[in-house]
Each structure stands twice: as C-alpha cells, then as structure tokens.
Amino acid sequence: MKKLINKPEDVVREELEGMALAHPDLIRVHFDPNYVVRVDAPVKGKVGVLSGGGSGHEPMHGGLVGIGMLDAACPGAVFTSPTPDQMLEATKAINGGAGVLHIVKNYTGDIMNFEMAADLARAEGIEVESVIIDDDVAVQDSLYTAGRRGVGSTVLAEKLCGAAAEQGRSLKEVADVCRKVKDWGRSMGMALTSCTVPHVGRPTFDLPEDEMEIGIGIHGEPGRTRMKLKPADEIVEMLMEPIIKDIPYKPGDEVLLFVNGMGGTPLIELYIVYRKAHQIATQHGLKVVRNLIGSYITSLEMAGTSITLLKMDEDMIKLWDAPVKTPGLRWGM
Amino acid sequence: MKKLINKPEDVVREELEGMALAHPDLIRVHFDPNYVVRVDAPVKGKVGVLSGGGSGHEPMHGGLVGIGMLDAACPGAVFTSPTPDQMLEATKAINGGAGVLHIVKNYTGDIMNFEMAADLARAEGIEVESVIIDDDVAVQDSLYTAGRRGVGSTVLAEKLCGAAAEQGRSLKEVADVCRKVKDWGRSMGMALTSCTVPHVGRPTFDLPEDEMEIGIGIHGEPGRTRMKLKPADEIVEMLMEPIIKDIPYKPGDEVLLFVNGMGGTPLIELYIVYRKAHQIATQHGLKVVRNLIGSYITSLEMAGTSITLLKMDEDMIKLWDAPVKTPGLRWGM
Amino acid sequence: MVITRDKVLEWIKRYADLLAENRDYLTQLDAAIGDADHGANMDRGFKAVLSKMPEIADKDIGTILKTVGMTLLATVGGAGGPLYGTLFLQAGMKTTGKMELTLEDWINALEAGITGVKNRGKAELGDKTMIDALVPAWNALKQAAENGSNLGEALDRCARAAEEGMKATIPLVARKGRASYLGERSAGHQDPGATSSYLMLRAAAEVWRDA
Amino acid sequence: MVITRDKVLEWIKRYADLLAENRDYLTQLDAAIGDADHGANMDRGFKAVLSKMPEIADKDIGTILKTVGMTLLATVGGAGGPLYGTLFLQAGMKTTGKMELTLEDWINALEAGITGVKNRGKAELGDKTMIDALVPAWNALKQAAENGSNLGEALDRCARAAEEGMKATIPLVARKGRASYLGERSAGHQDPGATSSYLMLRAAAEVWRDA
C-alpha cells in the first residue's frame, strides 16, 4: 500500500488535525465526536446545512464547510457512514434557530444513521429536514432495492443550499433547493484503478492493466461492468449517454457540467474528459452555462472520473455564483 | 498505461481545447503556436506576466492564467519546454506597453528557449525581464552544474507577480517580487510511484511496492535517493529539514507553507502531510501565516508530494491575499 | 438451564474475539460486493464495547445489552452500526432488569432484536443481508424450543441455521445495502453482514451450550 | 569528392529515419536519467523537417540547413530544440549560397554548429552531454582531413569517434542538463543527446561515404 499516511487507524484523525491547523480562519474541528464546523457557527437566524459521510472523499464534505456552503460536516471512518451522535452534536452546533438541513447521500448506512440523528435532534426541539441525494444512473432505480447511490450532485447541492441558507431562506426553501438538485442532477462514474482502503492495505478489487470498471460508486466498490480500456472520448460517451437519457435532459436545457476526478486522476485528463463531455452536451442541444472541473468527490487514490449534469434555472445559477469560502471551493470572497 | 486520453500525440491539444471550452470567461487558447492567454489581454499599461514549460504539470501554468496571476502561459509537449516562437507570440499578445516578465523554471531547455524568445521579443521592441526560479533543495547547487530545479515556488511567484502587475507596478518592481520569491522560497519533493509519459506508455521508472523516491523533480525523473517506504511523518521530516536548513529560515520568520500533490495523491493524504509540516515549521519557530494545499504543480498521475516554504514579508502577504481569478486558483472575485 | 449475566458478558466477549479474528475475512467479503469495511467497523465497535465492560459488569442484562447497543451506534457507523445497535438495544429493552435469561427469554429478546433490524433496514428474507442469517436462525431456535430441545441443543440448531442462511446468501442477487448497486455481479459472494450475524449466534452457542 | 545538395537532403532524410527507428531507444535512455522525451522530441522535430523538405529542395545548402534549424527550434522544445536548432542554424550560416560542400566546408560548418551548441548550452567536454560525442567526432574529422584521408574515410572516423564519445558518457556523472539533478545516480547510463548526435554523424557517414 503506497500512501502518505502514518497508522491506518490514525488517518481520519490526523487528516482532521491537518485541516484544523490549515484553516483556522474558516473552520473548527471538533473531536469525539468528530465534526468540522464553520468557525462562526451557529449563525443566528440562518438555516444550518449539514452533510456527512465516510472519509476518503475529500474535499467532500469537511473541505466544503465555510461561508456559503456547509455549516458542518461529519466525517466517518474511511468509507463508513458517521454515527448519529456525531450528527446530533453537529446539528446542535449549527442550529441558529432556523432549523437544520441534512443532505444525505443514498446509502443504507448514511440513511439509517442520519434518520436516527434527525429523530434525536427533533427530540431536542431542533427542526430538521433531510433530503436524500440519489443521482447515480449506473444503478437501476427500484422501489425494491436500495435505489441509486448519491454521488456528484451532492457537491452541487451543498453549494446551492449553502448559498440559499446564506441568503436567509427558510428551512423549507433551502430544502426545496436541495430537492431540485436531487430531481435535476444525474451522474455516472468509472474507474481505471481500484483504491486501497488504509486498514485493508490492498486494492479493493484487481483490475488488469488493460481493463476498466464502468458505473462505479465512490467507495471503491466494483462497478456495473468491467471492460477493455477505451479512448477517453468513448468512455465519456458511455457516461454521458445514460445521464442525458435519464431525466431526460432536453434540447435547450441549461446545465451545469461537473467533471470530477476520483482522487488519482490529474487535471490534464479531466480537461480531456471535459472537452468531449461538453461537445456531447452541446450536440444534444444542452447549453452548458456553468461548470466545475476537479477532484471534489473522490475515492481515496482511485484513478477515474465521474460526470454530473445538473439542470439549472435562473435561481440556481444565482446561487451557484454566490460567494463561497471553504477550503475546497472558493470564489467571490 | 491507464489514462483518460485518446491518442498520446493529441493529449496537449485536446487538454487545451477542453480548457478553452471550460473557461471562455477567463482565458483564450491560441493554437499553432500554442499559448493560453488572459481573455482581456493585452491589458494596457500593465506589465504582462508570462510563464511556460512542459505540459503535465496542470494546473500550472495554463490553469493559472487570469486576473491577478499569469497573463499567458506557453505549454510545451508533455515534460518538454515550449519553443521560442510560442513564447514570442505570447509575449506579444500580452504586452500592454509596460513590458513583460518571463518566469522561468531552471531547466536547461526552458532557459535556452526563454532566452531566445526574450532576444526575439527585445528585437521587436518589447521590454523583457526574466527571472529563473531554482528552489529545489534536493539538488546541490553549484556554478559548474545546471544548478537547482525550479519547482513549487514557481506557483507562488506567479501569484505574487500577477498581483503586483495588477497593482500597476513597473516591470522592474514586478521582477523584484519574483526575485524575492526566488531568494526566499525553497522546496523538496518525493514520489510514491512513477508517472507514465503518454507517448512512452510505461512508467518512467520502476518503484517496488515498498519503496519511494526522495528528492524527485516534476518530470517523472528519479530522485536523489531511493529508500523503503516510511510513515508520512518521517517523510515530511526528510523534506522539511533540508528546506529549513537551506536558507536557513530563522525563528520568527513568517512563512507560507505550500503542500503540493504530484497529481495522483488525494487531498486526504496532503492534509496528513500538512499536519506534520506545520508542526515542524512551528517547532522551528516559524510562523505559518499563509498556506496552500492541493495539487498545483503536478507530474501527470505521479503519487507523491512536495513541500515549499516561502518567507513572507508584509508586501508579499498583501500580494498573496489580493484577488485572483484563474481556472486553478481563485479568491476574492 | 439458564443464561446468567456472567454468561451474557462472556458471550459478548467471545463475539468480540471472533470479530477480531475474522476482521480480515469479513472485510474481504465486503470488498467483493461492498466497500471493504465491515470487518474493521464491527471490530472497532466491539473493541469499544469491551472497554465499556468493566462499567456494566454488575448491571442487569437489559442494561448490559442496551449499553452494547448504544456503544455500537456511536462507534460502528455504516449500515452495521444502526443495525447491530438496534438489535442489541431492542434485545436490551426486552430484558430490562433481568439477571438471567431462560431459553424463552432469549427467544423473545432475539425476536425483538431482529424485528428492530427489520424495521430499521426494511430488508426481506432473500435480499442478501444479515436478515438471511438471523431469521432462519431464530426460526430454528423457536422450533427447537417447541420440540423440547434443551438450551445447548437449541442454540446449536440456531447457530447451524444461521450458518446455512449465511451460505445461502452466496447465489443471491442483493436487493438491499451497498451490494445491491452491483446488481447481478453481487451473485456468487457471501454477504458479510450475514456472516457477522452467524458469528454472533455461534458465539452464543459456544458460550451458553453448557449453561 | 564533394557533398552535393541532394546528398545533404539525403543525409537529413536518413537522420530523420534513424531518429524514427531509434525513437524508443532514445526515450528509454532519457527515462533513465532524464524525463523520457528525447526520442519523441527529436522525432517530432525531424518529422516537421521532412514536411518542409519539398519547399527547400531547390535551395542552397545554407538555406536548407537554416530551415532545418528554424524548424527544430519551433518544434522540438526542451534542451534538444535550441541545441540542435542552433547547430543547424550555425552550420547553415557557414554554408550560405553553397550548392555543394567539400570536406573542408563540412569541417567548418560542423565546427560552427558545435561552437553554437557550446555557446548556447555552456557544456564542457565530460559534462555528459551531446558535446561529448560532437567534439571528439569533429576532432577526428579534422585529424583525418589533415592526414589526407578521403571524404568517406574521414566521415567514418568521425562517426566512430562520435560513437566512442557517446559510449564514454556512460560512466560520467552529469554536470549539465536534466541528468545533473540525479548527481551520482546519473553514472552508468548513456547520455541520450550524445546518442542522437552520434546518429546524426553516422547518417552522414552512411550517406556521404561514396559521394
């Protein structure tokens, strides 16, 4: 296992310590239970926006805490949903009296833990709304399964909801923004390599030198199909076509195009992916009005990419453009 | 070779096309000769800031073009210095009448090509100053060799000089800022894996699963020594000690601490590196007044990190904090 | 033939040991169809439980089981945390104040625990989850008791049924939890949660056999 | 015994072919102590040169060599681009207007080229660069001419001296160029630039031998 870490069991704590040392102007890190919280939390009268999930997806979520985005994030062990007590404490820490939105990715563990936390918070008199992001078109949706995974749209939801909360919107209104992202965002990903979970010490799956996994999630799990490696343009087609067909996106739609790196993929490759994704979107008559290119929702050091399309309306564009100041995403301030 | 690319010979062109599609509000991309230029160039009366080098180090340099940073960047083939004609055209494109600064990394190829370009530009009546960044303490400095490589400080020089130029300082004053960075910045890097140059198709060097290279540059070249893999904290010590001893940095010095990823290293590991680097700096009495954490000067998909320390004075801190709006670095606007 | 409080503590200890021993095995199972953390998660949780043992050693069985449940909830995370947390919490509710358990008490406690898991996770038999080990195991336990088996025999039947249920998950296509994202590719692999549930019931059989 | 313009064009073509053939070999040499691009760079540059050949085929040798130099400058990049670009440019300056070269002309042209490389790169003999192939090769050429060797013989001596110079770079510790960053670790590897320089002079010997 080749990683810049000390002991596997210390990875999350030491990463959080690093973040605390690096960004005292933006965030505070609370240990036992672990959560990252905006330095000026709770902001009185403002809806609090909370997310969380396993570690290993950095900068999501802890690196997206700050002004105009998340008020707090709960990091679990690597790839493991955090626990209700963390979420409860973080919820309390960011409750400015206007309630708290929980942005939850659709994984059984995340959902159950957030459910319990929301119950506990409500029992303490805090208004909580939860929205579950499930945007991964690689997974067939069905009432009888766990449904689709929550992936790339989560980052976009955190930005837009954070901006809406910053404007002073009500809990219901902020949650409505999140529900719009849930409805209007779709993603799909692929991997060139597996990642290695620190405490496991070897790659989660073996992938021969000439093969790739299509339809992967963000936890190093294998994808829906394995196939021979293909040129980037063909890979992008394989990701974009199911995404566009899904809602479906229609000619004339204004979209945000998010090309995400899985952690081990350099920017030069992401721009090659973006090029083709933008071309395909345009060929389908979509208007790419905003974009995001970089490694924002990662899977440790996995090499690969995911693409997210989010249909945008005027309000969402304004929320996207609003100032944001977090360790991982920043503009306008 | 596992990469999200099409044909190896198309990598640079397609990446540039992707950038052009992604950031029409910030940059224009010129092909044949290739250069990336700020969308509103030339800015009248402002000193132009130009850098360039081989591709494969993204976002440096093309992703650092925009307001408050580079006016233009010349990308060469992967790991290959660009050519004088590119540099000449870019210099002309950004000359607003106040002259142009060339920020050059200390590699024989870069120096010779930039030298020729500066001669050609001067012949066309453009005032040019060149500053050579050579901050890599892994390489012993000597008058009789090529000297030290230019690495992490380059990114910092581009930010500070870009801000100085934006303020309307003269060419000499902007170059003075660059010379300060050259004098006050030191770096060292290490690799967990080799990268693979696209047209080569296999890793530049073989590194067994339990070994690492210390003192690498940014071109996939082997480092100064190879050794058994060690815990992150020990690795950081091996990088920090030679850096601190070099100038040397003295107790009380205010510094910017830049922890850089080599392209295949995820943020979670960079924060573990930052944690220890910050601790060591503090133990030496240095005051970390600013930092930068992320993959800004990369070596394709190489896994590894480099650390840069830059002594800061009040002016440099102000220049660092000044607004910047580029694809790869952005704040304040 | 009753299960004393000390035997309950011993069971928890034995289960913790089994989880530590099988940590890599469980993780490997989870790597194939999940995210390679089930072993580490359960082991972390039960290590935390062990460190709580001294505080609760003199409490009633209900308190002990509830403390185990709360500890798992706060330390395991993922799907395993809420599910095992709920199982122990609910079993603890059913045994409040008790200093020993009859076979019937244990049947009722386990039933409450399993019902909790079902309510929380909404998995059905055949979805390729821990339910596929727990439900047949409980059925076998109940059946054995109705047939007049003694405690040891009933617990053995229970553990064996859990083992069979666990193995029967191999050909299944997952419909719940992370493995469901793999669709057809989840077939051919044993479910990690069913495996950790079998270990739990095996530990009970081993430790309580000659109660 | 003179080198006609067509022979000069043939030489350039032959060198381009040799570079294409040895592209991977040169890259491999550069991977060991550099950045794995020398083969690709030189091949890219000479492919560009080949595409310019039709335009310059009816020009004088000076113009041809200067065009080669300018093309290399604009397409090779790295250290190779300015160095080989300068070499051909300077050699072209020395042969302006000529439609054929005597042995002496070639000696002077090559000397000018090498001087250009030295001025640009500031490398000395023994620094483990192309200079280590070029300088002994030129010395051998000059010596052969002084000893009255004919053109073919002199060019052979020149190529053989380049080959020896190239091989002699193996034990050297690099003091110039990218390989110098490796310090002691650069010893034991043959310099890629010395190798491409040897190929250039070998191509001349092959093509001009029986001019």
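As written, the chains take the letters A, B, C and D, and residue 1 is the first residue of each chain.
The working rule: contacts are C-beta pairs under 8 Å (C-beta built on N, C-alpha and C of every residue); 3 or more make two chains touch, one makes a residue touch a chain.
Keep in mind it's a predicted model, so treat the numbers as computed, not measured.
Separation between the centroids of chain A and chain B, computed from CA atoms only, is 29 Å. Mean C-alpha position of chain B lies 55 Å from that of chain C.
Centre-to-centre separation of chain B and chain D, using mean CA positions: 32 Å. Chain contact topology: the protein chains form an open path, each linked only to its neighbours in the line. A list of each chain pair in contact follows: A-B, A-C, B-D.
Residues of chain A touching chain C in their complex: 33, 54, 76-85, 107-109, 112-113, 115-116, 136, 138-140, 144-146, 149, 197, 199-200, 204-205, 217, 219-222, 224. Per the touch definition, chain B reaches chain A in the complex via residues 2-7, 11, 14-19, 21-22, 55-56, 58-59, 63, 192-193, 209, 212, 229, 231-233, 235, 263-275, 278-279, 291, 293, 295, 298, 300-301, 303-305, 325, 327-328, 330-333. For chain C in complex with chain A, the touching residues are 27, 31, 33-37, 40-41, 44, 73-83, 120-121, 175-178, 180-183, 185.
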